[in-house]
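What follows is a set of structures to go through.
Both complexes below contain chain A, partnered by chain B and then by chain C.
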Partner chain A sequence: MRHIKASLPVCFMLIALSVLYLFQPDVFAIAFGSPMAFLRLLTLASPLLITGLAVHACLTTGRILIAGEGIYAAGGIAVAIVGTTFADTPLGLWAGLAMAFLIGALIGILISWLRESNGVHEVISGLLLNYLLHLLTRYLASSPFRDPTSDAPHTRELPWTLPLFSSTSDLNIGLILGGIMLIAYVYLLNKTLLGRFIRSLATTDGVALTAGLPPKRTRMIVMALASGFIGLAGAIMIGSAGPFRRFPADFYGSGVGFDGLIVGLLSGSNAWMLVPSTLLIAGLSHLSDALSLATALPRQVGSLIGASLFLITTIVRYRKQPRS
Partner chain B sequence: MTLVCRCYNHRVQIQNERPVVDIRELTLGYGTTPVVRDFSLSVCHGEIHALAGENGAGKTTVLKAIGGLLRQISGEIVVTCTTVAGVPRIAFVLQHDVLPSNMTVAACIQCAAVAAHQSLSYSTIEQCLDRVGLSIRTHVRVATLTMHQRQLLQLACALASKPTVLLLDEPTAIMSQPDSIHFWELIRSEVKQGLTVIIATHKLEDIAKYCSHVTVMRTGSHVFTRSTSVVSLHDIIKGMAPQTVTEAPAQVAPQKCIGQHPVIHISTSDISLYVHPHEIHGIAGLDGSGYDRWLNAIALTKQDGICVTINDVNIDRQSVAQRRALGIAYIPSDRHADAIIGTDSLESNVCFGALPDRISKLVMPINLHKQHMAAEAVVAKYDVRPPVVSAAMDTFSGGNQQKFVIGRELDRMNKILVINQPTRGLDRSASAGISRKLEAASQRDKAAILVYSDDLSFLISTCDTISTFSGGRLTQTRPASDWTEAMLVEAIV
Partner chain C sequence: MTLIPWLTATTNLGLPVMLAAMGGLVCEKSGTAALFLEGTMLSASFVAVRAGGGVTGLVCGLAAGVLITGTHYLLVHRAKVKDVIAGVGLNMLALSATSFYERISPSAESVQTLSTQTGALIAATCIAALVTGFKSTNIRVQLEMTGESALQAQIFGINTSRVRLISHLVAGCLAGLGGALLPLMGIGTFVENMTNGRGYLALAAIVFGRWDLGMVIAASLGFAALDALQLVAAAQGIKVDADVLAMLPYVAGLVALIVRTKRYTTPAELSKAG
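The block that comes next holds the complex of A and B.
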């Protein structure tokens, strides 16, 4: 049963692709039938992998990081502001990325501190912070840091761009960052003593505490790093070429933070399952675009399918165990 | 007239016949490995029926099967009600409580009472708590209760469900002697009102004194069932493990520490306690007597008004990790919450207990072969049963988990050992084994050992010195040979 649950994202992905190929070959061709389409899928998947991994890391310590959407936007606005403010210095790029990570980490520390020291549940504080960050980023992009030369509310264009893999797509270094993070994370979690202690936090604080590893501080560090990397993912997305490189006022709501939550939950206890889970959710998003192009169906249909799959998976994964 | 219905995994017959619980050729196991084989037992109405056996004999497994928590591989369990109108209700007090920590005491009892189709008022709930000797407020959350209080709350919940059969797994393991006496008086009064009790316990004196029948188990098999009026303690011990009968009683350790510089010095404004190398220093006290603050002051964090020095270095401001680096090992009383991860395998649990001496080792790959060998060594040396290091900790009995945790820490050769309730859930033979291992650790590694236990005979037979706590204070310190159990009880109550 454990193996069946673990392979659910892969199963769903294969079934969905088979059904699509059999009944809607045109849509399949648009969505997955060309190198361009595949690059587009990977572009969507790279920030999702980072946010999903961040959510997974927090879940491993028994905490839910629900503020991913807000942190992703905060990372984006941070790089936009720092990058345009220090446009003339060569360090503008790195300062922007560092600031995005720092802002994300600080938000993570705030959420974790509220939970560990004051008992405020991270889901409540995370949801409220999401709303706050949504309003704040929109305000910053449409008022004090708005591009005065444009009618649309967004920040000024960044003077630089992060390296891209292809001139025909927006696939950026986020994919490499996500890959490296995943390998490091799997190694840490499965092969090291620190990983064992971190995993023990999902069950009890006592084992780590008795051994000398402070559970609250460990959770705070994990959430800070996780949030920092989500902020960095937002910064990479803004700093890459394509429609972004400037922070639009409506950036919040891109869905990466919430989709990352689904990716993290779908992956269960096996960190390697983050890869198929990410491809599944990114594929659905990609497919929605292809569906709306090919059949004029609203884009929300894809989201609806994604939500349904998530519901089924959650029911199967977390349903009450039968008596053994 | 017989009504047969399906209740969890066993057949329930409502009829006017005895016995109340009839087990026929039962085989039980976790996965495909049988733990209990061809076990048969009949328990009649109004009995207090004890299951005796060494750790790992299968007592808890049998109780789980009767309680419907474990499906049998083969055999049959028939639970019979004594009245036609009545419905048999089985209540189970587990060794490790399963009470939801975020619920209040009142909510727990009300939930239990739902099984008896009752709605209890707060005054009735207070009466339930009084009956089991639990003096706490009804709105207190379970998370704030001590292990002992949770155990009593489990019992209150079980009785609130108005059971016809009550299953008890080591209920007195964490109780002090006065609490234990109160517990048995309560059970006896409930039995007079029609309750049937099946209890798994290691306290053989309690079996002889309070139980009507005893079934002895050995390595998953039934040895004998007799009335306690015709069986002696010697027979029970012989039935449990024949090799332990001829074993010499643990010797009182000689005074080895006179003239040595103390390793541990704990002091308050008016009194001090010293523990020397080679010394096993026992602590006796009731819950709430303040002994736990002294143990925590050494092993975990600073406690108000208590100053601790180790080898003349004050450690009050040191973190837990720094204390472990000084060689202070700690074996907590609540092994489930603080010492092991139940879902992980035994060999995975070997690496818990203390952080490595170098922080860099935290992120280095674990040597799985070394870990496996360490697990095998602990299992062999401390007789952990079954000797399967790949099995999840949850599948081991409480006593075997305890043996593993103690073995893990003793094998690390720490200079200072702080142990809270080392014999909880252990049978006589295992307790004697732990006693010998502590003695060996104090001799071999010059370890200074501070041990708290509510098993007073264990303290007297194992320790060099015993201190008593009462009313939040350290009251007396004397050589163990100067104490008797009666004197200790008088000193701590």
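The block that comes next holds the complex of A and C.
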């Protein structure tokens, strides 16, 4: 049973691919049958890997980071505002990325502070912040920072572009950042003493306290870093070429935050499982696009399957510990 | 001149949140986190409109609410899934399922609606029933003992499973009614993500109201009064950005969570949840 639980994302992925290949070979060909389709899948997966990793890191300390959707948008608007405000200076790019990280980290600190000091569950404060950030980013992009030369509500175009992997796709440096973060994260958790103490926070504060690690402060730092990296992922998406380089007013709702939550929860205790989980959820999103092209089904079929997987995973994996 | 429209809008927007918050309060007092309110309200709104609105829609919405909270009960207290995660999962499923079905087959543009007076009458009846229930020593003791320590409650002969099941069903009825009233007292149709975070505002009202019925009702109406400002401003032609006004209830909700400092009012079993 333990092995089935650990390899849940891989099982889901294999079942989904087999069913698709057997019953909808045309859709399979559109979704996965060409190098371009594979690049598109990786493009969708790169921000998901970062948000999923952030959620996983918070889960490791016993906390749920659910505000990813709002933080992702906040990071995007931060880089758009700072990048266009300091367009003439060479530091505009770095200032924009730093601001996106900082804004994300501050939101994480607020959520964590509410939990650790006021006892307010991070899911309640996180979801309220999501709605607030949605309205705030939409207001900023459509009123004070709107591009006056365009009819569509979005910010002005950034004067610079983050590098892409190829000229034929939107695959950006987010994938490299996600890969480096994953390796560093797995090393920290599995190979260092600090990582082992952090992991113990999911079940008890006692072990960390014995080692002199303050549980509340540690959870706050992890939540701040995780939120900061989600903000950075949003900034990378806006700062890269392709459909963006300006922040559209309807950027919130891309689904990266909530999909990242599913990725984080699906991965369980093994951080390497983030890779198949990310590919599974990105694949679902990619597949729903292909399905809506090939059949009359709406795109929402992807989120419906994702939510069902989420519930199945919770039933299999997130059980309450029996009391001793 | 703007007071009457504002009060009417506050009532229309406030009653659904208030009913959901009352349902969540009952569930939280029995020691289970009521994260499912958003999904319950959304499902009830959807079903109420699909059933054609009116009293039939109201009853069907209520049934949908009970179905969702009944599922939550099974997940949390039978399958032993963590209550917060089960609630979030049900909310995601409700949002994706209603959006998916709405895209395949859109709701009728207008169904039979209910008047503000009817909504107020339903809410008043629910408040009276809840106040009577909380005044009954037997019910209150069973509910609060289960919420404080299920083990000790069992020692005193309380059937904690039954208490939790009933509290879930009451929560489903109230949140279902609240969700059904949202389209039936408002625009008379269903739109995707119609609740738009009102279930979470109901949760914020419970936390801000410190699990006290009167305070929870006051907090729900307070949030709704801020929510109603955008409707009144639009009707009166006041030039304030709609997004800025729409932010007010969420800002108030967050401020409410920040200023809440007395942790001891939280039911003890709830503090262990998550």
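One rule holds in what follows: the second predicted complex is superposed on the first by the 318 of 324 C-alpha atoms of A that agree within 3 Å, B and C clash if a C-alpha of one lies under 4 Å from a C-alpha of the other, contacts with A are read in each partner's own complex, and residues count from 1 in each chain.
Heads up, the rule we're going with is that a contact is a pair of C-beta atoms (placed from the backbone, for glycine too) under 8 Å apart; a residue touches a chain by one contact, two chains touch by 3 or more.
Computed from a predicted model, the values in this text were never measured in an experiment.
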When chain B and chain C are modelled together on chain A, clash or fit: clash
Touched partner set for A:Ala29, first chain B, second chain C, both or neither: neither
Chain B versus chain C as contact partner of A:Leu265, first or second or both or neither: second
Contacts of A:Val301 with chain B and chain C, given as first, second, both or neither: second
First (chain B), second (chain C), both or neither touched by A:Thr192: first
Partner chain(s) touched by A:Leu213 [first = chain B, second = chain C, both, neither]: first
Comparing the two partners chain B and chain C, which touches a greater set of residues in chain A: C
Overlapping contact positions on chain A, where the chain C interface meets the chain B interface: none
Footprint of chain A on chain C - complex, ascending: 33, 35, 38, 75, 79-82, 84-90, 92-93, 95-97, 99-100, 103-104, 196-197, 200-201, 203-204, 207, 241, 243-244, 246-247, 250-251, 253-254, 257-258, 260-261, 263, 266, 271, 274
Chain A residues touching chain B - in the complex, by the definition given at the top: 187-188, 191-194, 196-197, 199-200, 203-204, 206-207, 209-214, 323-324
Chain A to chain C touching residues, read off their complex: 62, 64, 66, 114, 118-121, 123-125, 127-132, 135-136, 138-139, 142-143, 258, 261, 265, 297-301, 303-304, 306-308, 310-311, 314-315, 318-320
Complex interface listing, chain B residues touching chain A: 8-9, 68-71, 300, 319-325, 330, 332, 334, 336-344, 348, 351-356, 361-366
